[in-house]
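Please go over the structures that come below.
Two complexes come next, and they have one chain in common, chain A, joined by chain B in the first and chain C in the second.
Right, the complex of A and B next:
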């Protein structure tokens, strides 16, 4: 069953932040907030959980470092020992630069890949904008009815009171007119 | 509103305690002159260089902030500005060493052969002239930055900011060159046969990371004891924590760059430096040096929460400062004591005394101006900053 939604469009970030605060206070369901750039403090007002991207980065980096260290040890000291300047087969200082590079490579690529996967940004993805100007100069707040007490008129007034320049009603999954 | 309302008065008992600690440092030096004169002189070089470097780190930090147009740090810029007060004190200590104990430098005492560029560069008159030149350049540039910043408190003129941006751009370049030469002159030439082209960069990394550590500790203290309570919050500490983390890693990077090339090439005249420092008890300190300067700060400061918690961040600043002491100790003392280890009571007491002296010098300059640049164009941005 499709749900009824209200989209409030704002011109500046302070209006958006105060509207988000009010919506959360009234226990309205916030589906998404669209901004053309990162708005400082918005994640705190929305009460978002911390991103786990840094954890992906840490695990991938550690994996890269360990795997590379083992691989260098295996090639240089076990499988094909080569005498380099009379150094011992297993020479840690010589392994450090490449280990570092592989760690950075793993951590960097995995973070980007994880971001793209989580955000659903695969190649050929068609952009669907909730409002044509949210990538330009408008910020938008999308609310959804969460129970029978959802009063469209009241919520619309709440959005307008906090400085929404435009409020549209829509249904879940409704396509945006191009 | 009168900007003198923003002035800070430290308590007399604090000043007395700091003088007492400095006195302990001075007594340790005098006792050291009797008990182990070589170590006492080397230690004076070490603490004076540390003191000077802290002052220079403050001045350089201010220059970087101006040159980048960094809005975040304007609220506490008076702290690195006042750190420059350590430059004259450190310079005096260094001059005492250069004038009264030239035996610290084998080439000055006439040991060993020297010819060509080596003889041209390392001779007493030129050495002293260079040292004076560095001091004058550093004091002139950082003095100009601070004067303009304070004049802005009076008249609020934007021209001061524009002038400081130009001065900063020149100073960053001049400083990079002179600090590199100074560290080669004063520290590397204790072992004149040994050379490392990355030595200046190595000292720069150590200077800046310990300068950031001192800034963090002073900020936490000044925030708790009121003067900066309304100006500094965890957002500023977070960014300083990032700098501490980044430059601790940078120090490790430079340390390893120097170490690995010497280890790989294994040439007698180069590797003797590390052989001396990796044998016996010094070998343990060699590892602890890496752990303190990079291992612990790196692992502890990785999570975001650690950088925003004053207690954790302050503890890491203390660890980095202890690491800096050990780093200088390992660099300066072994050639003087020929690798023989003794309980470093002279060096430790003198370092504690010097740190107290640093805080005294800092406070002397800090109380002279409002504790925040009241009319800086970037102040508002800094106060509402989110990292």
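Right, the complex of A and C next:
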């Protein structure tokens, strides 16, 4: 079922932030905000949770370190111990550098992979741009009709009062004219 | 005013964001100028010279280098450490300064990171071609084989090095690419339908500027910066262990890890400045890379240069103060022996020359800073040469003392590595945004607000 939506387009971040604040006060449903750069402070205004991707980083890093340390011990002390200058089979201090490197490798690659998965980004994906200039110099706020009290004229005025240079009505998933 | 504000103030009103996009994207959308072609022809010729030299070396054998049983490491390893060091400034700017919230880094961040990648590529070539049989390079990694499996030796610093450099390259490339995605989307949306748009559509992963994605993206960027910071320190620490774990006088020192890391950032910062001073002129990016960058980076050069100078003194003092005759000899031999010219080149380029940057007038001159960075680049190359060759050529047994002269093949290989570096950098300037567009947009307000308050 397609929903009725209103898109407010802004020229600078302070106008966008004040519009988002007003929309949240009026309990309008904010579908998404689109910006050409990471607007700092917007996550607080939107009430977005701190991303939990750091957990992925921690778990992947710990896994990498443990697996690599075990592998080094297994190859050097169990599978085929080789006497190198009379050093002990289990030369734990010498295993630390590679363990560290593999930990960083796992943590870094997993965090990025997790980002691409949860954000739904992949090579060759066709972008669905909400506005043709949203990666250049326009910031956009997408609102959706959430109940019978949603008054198009009032919401449109609200967006314009906060400095929207352009307000368009659309339906969910509607193609954007380029 | 321009050197106080973060960036020179731009035109007020809504055109500002679009202007940033325009300024950074325009140079890569038009046909390159004569200066670019001239630079490219020179760089590519140097690269071809290097390819020829390496081909000859691999086909004939490592005997084409001037090495002997006493001096088993010389030019190749010098170049390796030199290039790895160059790369480290890129990570300092992209990761460490990000964690320290140094906003000026946004102007030079992208190019410095690209420099890191290209420098690590140049560095990686040398240990591999030094093997003599480079097609067996993969033996350094543990893989199941029909000899047991016989595993590589995890106690060897050379094995640590292989892991450190590979991880460093992969993580730096990932960090760089993650930073590029929003800008690739900007380029994609500017492009007219056609091949260019298609390529950038593939590269930009369907980025649409959604803020939920931005929020997660910022977290991952922070995580990568946090991972890169200890990584870059670990990489040069491990490189220094290649030397420090050996019982060669002049190498076997606990000061090596911090000494090498400081030296790496010192030389890398000089190379970043060398490149950026040229790039801003050629690409017309004077507004984004300005006097403030010049000033801050010059100060970083003084700081790291002084740390390096202190390390030279400490090393020398410890050797003379200690009771190891071989250690004492090696350091006196460095300053007075057959390679004294290299030692004093190193001291004058690395310790003395950068000190004139204390004078603000000199720090403010693009030409003078450019000249000083060239001196630092030369001095830091000689530092590695001095450490490696002077420690080896007169070892414990005077009967095996030997001389070392680089052959033309080695010199051609060094020139070739510079050719590879500049060729890649010039291509990068042509095809990708040299300045992080989305990051610059994020700090646009800072300069302006600073003026108003």
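Keep this in mind: the second predicted complex is superposed on the first by the 178 of 178 C-alpha atoms of A that agree within 3 Å, B and C clash if a C-alpha of one lies under 4 Å from a C-alpha of the other, contacts with A are read in each partner's own complex, and residues count from 1 in each chain.
What we mean here is this: a contact is a pair of C-beta atoms (placed from the backbone, for glycine too) under 8 Å apart; a residue touches a chain by one contact, two chains touch by 3 or more.
Computed from a prediction, not measured in an experiment: that's the story for all the values here.
K.L.:
When the two structures are superposed on chain A, do chain B and chain C clash or fit side by side?
P.N.:
clash
K.L.:
Would you sort A:53 into first (chain B), second (chain C), both or neither based on which partner it touches?
P.N.:
So A:53 only meets chain C here.
K.L.:
Counting only touches as set out at the top, which of chain B and chain C does A:40 meet: first, second, both, neither?
P.N.:
After superposing on A, A:40 lies in contact with both chain B and chain C.
K.L.:
A:94 contacts which: chain B (first), chain C (second), both, neither?
P.N.:
Both partners, chain B and chain C.
K.L.:
So in the superposed three-chain picture, is A:126 touching just chain B, just chain C, both, or none of them (first/second/both/neither)?
P.N.:
It touches chain C, and chain B stays clear.
K.L.:
Between chain B (first) and chain C (second), which, if any, makes contact with A:108: first, second, both or neither?
P.N.:
After superposing on A, A:108 lies in contact with chain C but is clear of chain B.
K.L.:
For chain A, which side has the bigger count of touched residues, chain B or chain C?
P.N.:
Higher number of touched chain A residues: C.
K.L.:
Give the stretch of chain B that clashes with chain C in the superposition, choosing among 27-35, 189-197, 243-251 or 297-305.
P.N.:
After superposing on chain A, the stretch of chain B hitting chain C is 189-197.
K.L.:
Across the two complexes, what residues of chain A are contacted by chain B and by chain C?
P.N.:
40, 50, 54, 87, 94, 97
K.L.:
Could you list, by residue number, the parts of chain A that touch chain B in their complex?
P.N.:
40-41, 50, 54, 58, 85-87, 93-94, 96-97
K.L.:
Sort out for me which residues of chain B touch chain A in the complex.
P.N.:
Touch list, chain B to chain A: 256, 259-260, 263-264, 266, 302, 304, 386.
K.L.:
Using the touch rule from the top, collect the residues of chain C that touch chain A in their complex.
P.N.:
Chain C reaches chain A through residues 14-18, 21, 142, 148-151, 153-157, 159-160, 163-164, 166-167, 170-171, 174-175, 178, 181-182, 185-186, 188-190, 201-220, 223-224, 227-228, 230-231, 234, 238, 241, 437-439, 441-442, 445.
K.L.:
Using the touch definition from the top, list the residues of chain A that touch chain C in their complex.
P.N.:
By the definition above, chain A touches chain C via 11-13, 32-40, 42-43, 46, 48, 50-51, 53-54, 57, 61, 71-72, 75-76, 79-80, 82, 84, 87, 91, 94-95, 97-98, 100-102, 104-105, 107-109, 111-112, 114-116, 118-130, 132-137, 165.
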